[in-house]
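In the two assemblies presented below, chain A is common to both, partnered first by chain B and then by chain C.
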Partner chain A sequence: MPMDFSYKETWLHKINPSLKLLIMILLFIHLLMIHNTNILINYMIGMIVLYLFFTGHPWKRLLVISIPFLLIFLTSSTSMIFFGKGEITWAKWGLVHITEESFFRGLHLGFRGISFAVLGIVFALTTRPVYLFYSLMQQFKMKPKYAYSFMAAIRLIPLMIEEMQTLHYALQVRGVQGERGVKGFYKKIKSYSIPLLSQSIRRAYRIAVAMEAKRFSNRGNRTYFYQLGFSKFDVIFLCYLLVIIPLSYVTATHFPYFSITDVRYGS
Partner chain B sequence: MTTIASMTNMRLKFPGVDSLLFEDFSLSIDRGEKVLILGPSGSGKSTLLQVLTGLIPHAVEVPMKADALTIPESWGFLFQDPDAQFCMPYVDEEIAFVLENLQIPREIMDHYIDHYLQQVGLKFDDTHTKIQTLSGGMKQRLAIASVLALEPEVLCLDEPTAMLDPEGTRLVWDTIKNVGEDKTVVIVEHKIEQVVDFIDRVILLDENGAIIADGPKQQVFDQHKHVLIEQGIWYPGVWEDYMQDKSRHIPPSVNTEDAKLAVHLSDFSAFRGKVKALQVKEARAYPGEWITILGENGAGKSTLLLAMMNLLKTTGTYKVLEQDYKRIKHLAEYVSFVFQNPEFQFVTNSVYEEIAFSLHLAKWEQDKITRRVNQMLKMHHLEEHQHTHPYQLSMGQKRRLSVAASIVKEQPIILLDEPTFGQDAKNTFAILEQLEQLRAQGTTIIMVTHDINIVKNFATKVWRVEYGELVKEFPAPIFVETFQPAVIS
Partner chain C sequence: MEKGLKLTDILVTIIIALIFGVIYKLWGPLYGVVATLGLHLEQLIYGMWFIAAVVAYLIIRKPGVALLAEVAAAQGEFIFGGEWGVATLIFGIGQGLAAELIFAAFRYKRYDMLIASLAGVAAAFASIGIDFYYGYIGDLALWNLLILFGTRIAGAILISGIFAHLLVQALEKTGVTNLVRPATKEDYQALG
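Entry: the complex of A and B
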C-alpha cells in the first residue's frame, strides 16, 4: 500500500531543524503566558498563515489535517464555557452554567489549543526526521547512537502499516468476525499488536546487527552526508516571528476584538 | 595460500539452551576461497558466520570461547531479510551511512555512491530514491552495494535470496559472482543450484553443529548425497531424485465432462483502491484440479487470490460451487487461504488452539473438535508441539501449522500464495504430498508459485497472469512443453 506524501519544498523546510525545534519550544512556553484573547487571536492568525501558505503541502491535505484542530477547539472551549466559574450569568441549565467570564476563558483556551496544534503541525510538515537528527547531531552534539536509532525506527513505520493490512486480511480469512464492545476491542488490539510487535522487535534486532556489520560505532568521529548549518532562511523565520508577535500585541491594544484583557478568573 | 579467517576449538552456547551449539569446533578459510556452508536448520550456520566476522560476541552477546580466533581485517555481511538491513529511508542515504562510518569526506561521497551502485548494476535517475519502492531483489543488491562500500576482503552471505523470487534470486547471485570474483566468499544457503558453479569448497554440518564433511564440492556432493537428501538441501537434481523415488511422474488428468464447477470466473475484475488491478475474462476450476498461477512479479497473481477470497472490491461473475459468491454468507466455509508468511495467519497462543480455532468458530462439539485436531496434529507431525506458541516453531513447522489450520474444516477449495517459498526440500515435498492427497480426494487447489517443477510434477492446469490480466488457461503438460524453461525461472 504505497502512500503518496509528496510536497513542494518551501523556505520553512530549509530552516535549520534544530533551530526550528528550539524556537517552537520557546513559542509553546510563550503561548502559555498570553492571557489576553485579543493578542492570542492575532498570534494564531499569524501561525495559521504559515500553515496555509508556506508548508508546501496540497490544499486538500491541509484541510483534512485541520479537521482535528476544530475538534480540539470545540472540546477544549466548550468544557470551559459550560462548566467554568464566573459572576455574570448568561444562561443556566442544571449543571451547565454559562457566564461571561467562562465564555471568554473558553474561547481563549480553544484558540490556544489551535495555536499549539498549528505550530506543532507546521513543524511536523516541514521537517524531515532525517534532517532533524543530522542537525541535532551537528548542532546539539546528540550521540549518533540515539540519532540513528530513531532514524531506523522511523523506517519501520511504513513496514508496520503494510503488515497491518496483511494481518487484517489474514484475520478475515480465518473467519474472525469483529465483536462489538469493550471485549471485542480488547481482542482486536490483542490480535493485531502481538504479531506486529513481535515482528518489529525481531526487525529492530536485525537492523541493529546489520548496522554494526556496517561498522557503525559510538566513536565520536564521523563525517556527515548532510551538513546542516544556518542560512538566510533562519533569519527570515526569525524576522517573521519578530514582526508577527509584536504586531499582535500592538493591534490588540489599539484595535481589540473584545474588551476583556485578562481571561484568568479573579483578575 | 594464506589463512584469512580461522578458529580453533570454538565453543558456543545460547543462553537458556542446555547443550553447547558448537563444541571444540575448528575451521580455517584461506584467502580467495569460495566456501559454501550447508546444514539443517538449527545447525548454527548463521551463528558460525557471525562468529567468523566477530559479530558474535561484539554485536550479539552470546557466550563464546575459542583457543584461537582469527577474524578477517575487513569483511562485509549480507543478511537474508531485505527489509531488516537498512537504517535509512533513501538509497543514497543508506550507502552514505556506511561512508560516514568509515569517515569518508563529504566531498567524495557522491562519487562513491554512484560507483558502488554501478558495481551492483543498479541504475536510478536520482539516487535519492525511496528504498521502500524497490523490489526485494533490488533491495538486496543495494545491500550488496553498501557492503561493497566497506571494501571488504571477505564477503559473508547468510541466505541472501531466501526471501526473493526467482528473477531477483538470479540477479542477486549474478551480482555476487561478479563482485566476489577476487574476494574470499563464505555462503550459507540451502538452495544451491545458483551457487554451485561459483563455489569450490563445501562444509557440511550436522544438526549438532559438527562438521560431517569438508572438501572440494564434487567430492562432498558425491560422498554425502544421502545427507543432503536427509537434510532437505536443494542440491542440483533433487527433483529428479524425488520423482524417481515416488515413481509417480504422471500429472493426474481430471474428468471435467460432467463435473460440477468448483470455481467459475467470468468478466471478473478486482480493484485495489480505485485502480483496476486485475481482470479475468473466463476461468474455470473443477474439483480435483491443481491449478498453478504463474506470472512475473507484480503481474497480479496475489491480487487474484485476494479477490477470490473476497478481500478486495470486485465486479463481474464469481461462482463458488455454482453459487454466486455474493449469496454466500461465509465464504471461509468454502474457500480456505494459506498466506505466504505463515506468521500472519496465527491468531491464538498455542498450536492446538490454532488448529481448533475455525472449529470453535463453527461451533463444533467439543469431542469432535478434539478428535479432528488430534488427527490434524498427527498428520502434520506437530503432536509434540501442541502446547507451543506458534511463533516458537521452526520455519517448516510454522508452514505445516498454517496449512493444517487452514484446511481443518476440509473446505472444497484451497488458495495458496507460494506455500513452498523459502522452505527446504524436505518441507516442500511434505507440503506438496499433503496437498496432492487432498486433491485426490476432490479438493480444488489453486496456488501461486514460481517453481516450474511443481507445475511439471503436480499441477493439472496453469493460469498465466500477465500485466494484470489472466491471459490464458493451459493444461499443465502443454504449458511445460511450450514454455519451459524460458518464461518462468
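Entry: the complex of A and C
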C-alpha cells in the first residue's frame, strides 16, 4: 500500500456515509434488474464520471486502481461469451460456442461488473471507515459494541501487516527454506497464518477486556465524538442520481448502441 | 449474563474476519488471473470466500459468529476497495446465513471437519443462488454450468472445509482458542 494517501475532500466525501451505503445497495439491486445493455452502458458512464472527476484523488492513483477493472470485465464476461446459450452462431471451436446472444450477454455482464466495481471504489475512496461506523450508530442504530469492534479491528490491520513483515524477516534470518509443491505451500501458509491469527486473537481479547474495564457498555444514550447528520451534499448526490438514471433510460431508447434490449436467454 | 455475543466475542470475530477481509481483497486479482485460463478453473479457489464464517465459528463456537464473520469480512473487502463493490456485501450476507444455518441445524454442537465442509457447501449454494441473478449463470450451456457447480463445491470443501479445519486445529495447539471459547462440560469437571 502506498504510504502517501492524501486526497482533496470533495462533495462525495461529505455525504452521510450511511446514506451513501444504503444508496449503493439500492443501486446494486436496481442494476441487477437492468437487462438492457444500452441502459447499462449509460448508467456505467454516469458512475465513471463520479470516479474520474469527484473522488478528489490524484490521476495517477485513479489510473493504477482502474487496472483491475479490465480484468473484472474479462472475468465477468468471458465464460458467458464462450459457453453461454444462444441460437445465432458466430463461431464454434470444440467446446467454445460463441453466439450473438451469448456475446451480448457476456458484454452485459462485463459492463455490470465494471459498474459495481466503480461504485464500490467510489465508496471506498470517499468514505472514512470511522465516519461510516459512527454514522451507522447514529443513523441506523447499530449497536456500539459492533461498531467499535469494527473500528478497533480496522486500526489493528496496519499492526498485522507490520507483524507479517517481521515474521517474514524472522523466517529468513533462521534460514527457513520453502518446500515445493502443495505441501510446501500449505506449510508456508501455516507458518504465517498461525502466529498472525493467534496474536490477533490475543490482542483482540486484551482490547475487549480493557474496554470493559473502562466501562464500555451497550447503553443507547451514549455521546459521540463525531456527530454525523445530513447536509446539502446528500441532496446533491440524490439529484445527480435522479438525473443520471432517467437520462440513461431516455438516451438508451432514443440513441441505442445495439439493437438487443434484453440479454436474457429466451426473451 | 448478557444475552447474545459479548464484546470479546464480537471483537475477536471481527478481527479474524478482517484478516480474511484482507485475504479476500487479495484473492480478487488472483481469481481474475486464474479465470483467464477458462473452463471455471477459478471456481476451485472460490471457496476461500467462505472461509471466514467457518474459521470464526470453529474458533469461537457460538451462535451468530459465522454470519457476523462472513458479513464483516465482506464489509472489509468492500471498504478496502474490493473489485466487486457492494456485490461482495450481498454475497457475504447470503453465504454467512447459509453457513450459520448449517451450524444451527446441528445446534452449535459439532466442530469437526465434516460440519465445516457442509457449511462451505451451503455457502457455495448460496453464492450460486445469487449468481443466477448476478451472473445469469442459468444461461450458460448446461455442461458448463455443471462444471461451475462441481468445481465451486469442490473448492468450498477443500478450502473452507478441510483447510479451515486444519488451520483451526493448528491454532488450538497455541492455546489461544481457550481464551474465547465458552466453558465446556470438561472444564467444569476439571474444576470439581
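Going forward, the second predicted complex is superposed on the first by the 264 of 267 C-alpha atoms of A that agree within 3 Å, B and C clash if a C-alpha of one lies under 4 Å from a C-alpha of the other, contacts with A are read in each partner's own complex, and residues count from 1 in each chain.
Note that in this section a contact is a pair of C-beta atoms (placed from the backbone, for glycine too) under 8 Å apart; a residue touches a chain by one contact, two chains touch by 3 or more.
In this text the structure is predicted, and so the values were computed from the model without any measurement.
Once the two complexes are overlaid on the shared chain, A:F216 sits against chain B and chain C alike.
Of the two partner chains placed by superposition, only chain C is touched by A:F83; chain B is not.
In the superposition on chain A, A:T75 makes contact with chain C only, while chain B stays out of contact range.
When both complexes are overlaid on chain A, the residue A:Q227 reaches chain B alone and has no touch with chain C. Contact with chain B, but none with chain C, is seen for A:V176 once the two complexes are overlaid on the shared chain. Legend: residue contacts after superposition of the two complexes on their common chain; A:S198 is shown touching both chain B and chain C. In the superposition on chain A, A:V130 makes contact with chain B only, while chain C stays out of contact range. Counting residues of chain A touched by each partner, chain B versus chain C, the larger count belongs to C.
When the two complexes are laid over each other on chain A, chain A has residues 152, 154, 198, 202-203, 207-209, 211-212, 216 in contact with both chain B and chain C.
Of all the residues in chain C, the ones that touch chain A in their complex are 2, 6-8, 10-19, 22, 28-29, 31-33, 35-36, 38-40, 42, 59, 68, 72, 75, 78-90, 133-136, 138-141, 143-144, 148, 163, 167, 170-171, 174, 176-177, 179-180. Residues of chain B that touch chain A in their complex: 50, 53, 55, 58-60, 76-77, 79, 81, 83-90, 92-93, 96-106, 109, 131-133, 146-147, 150, 306, 309, 311, 330, 332-333, 336-337, 339, 341, 343-347, 357-358, 361-362, 391, 405. Residues 24-25, 27-28, 32, 65, 68-69, 71-72, 74-76, 78-80, 82-85, 95, 97, 102, 105, 108-109, 112-113, 116-121, 123-125, 127, 129, 132, 145-146, 149-150, 152-154, 156-157, 160, 186, 190, 193-194, 196-198, 200-205, 207-209, 211-212, 216, 218, 263-265 of chain A touch chain C in their complex. Across the complex, chain B is touched by residues 2, 130, 148, 151-152, 154-155, 158-159, 163, 166-167, 169-176, 191, 195, 198-199, 202-203, 206-217, 221-225, 227 of chain A.
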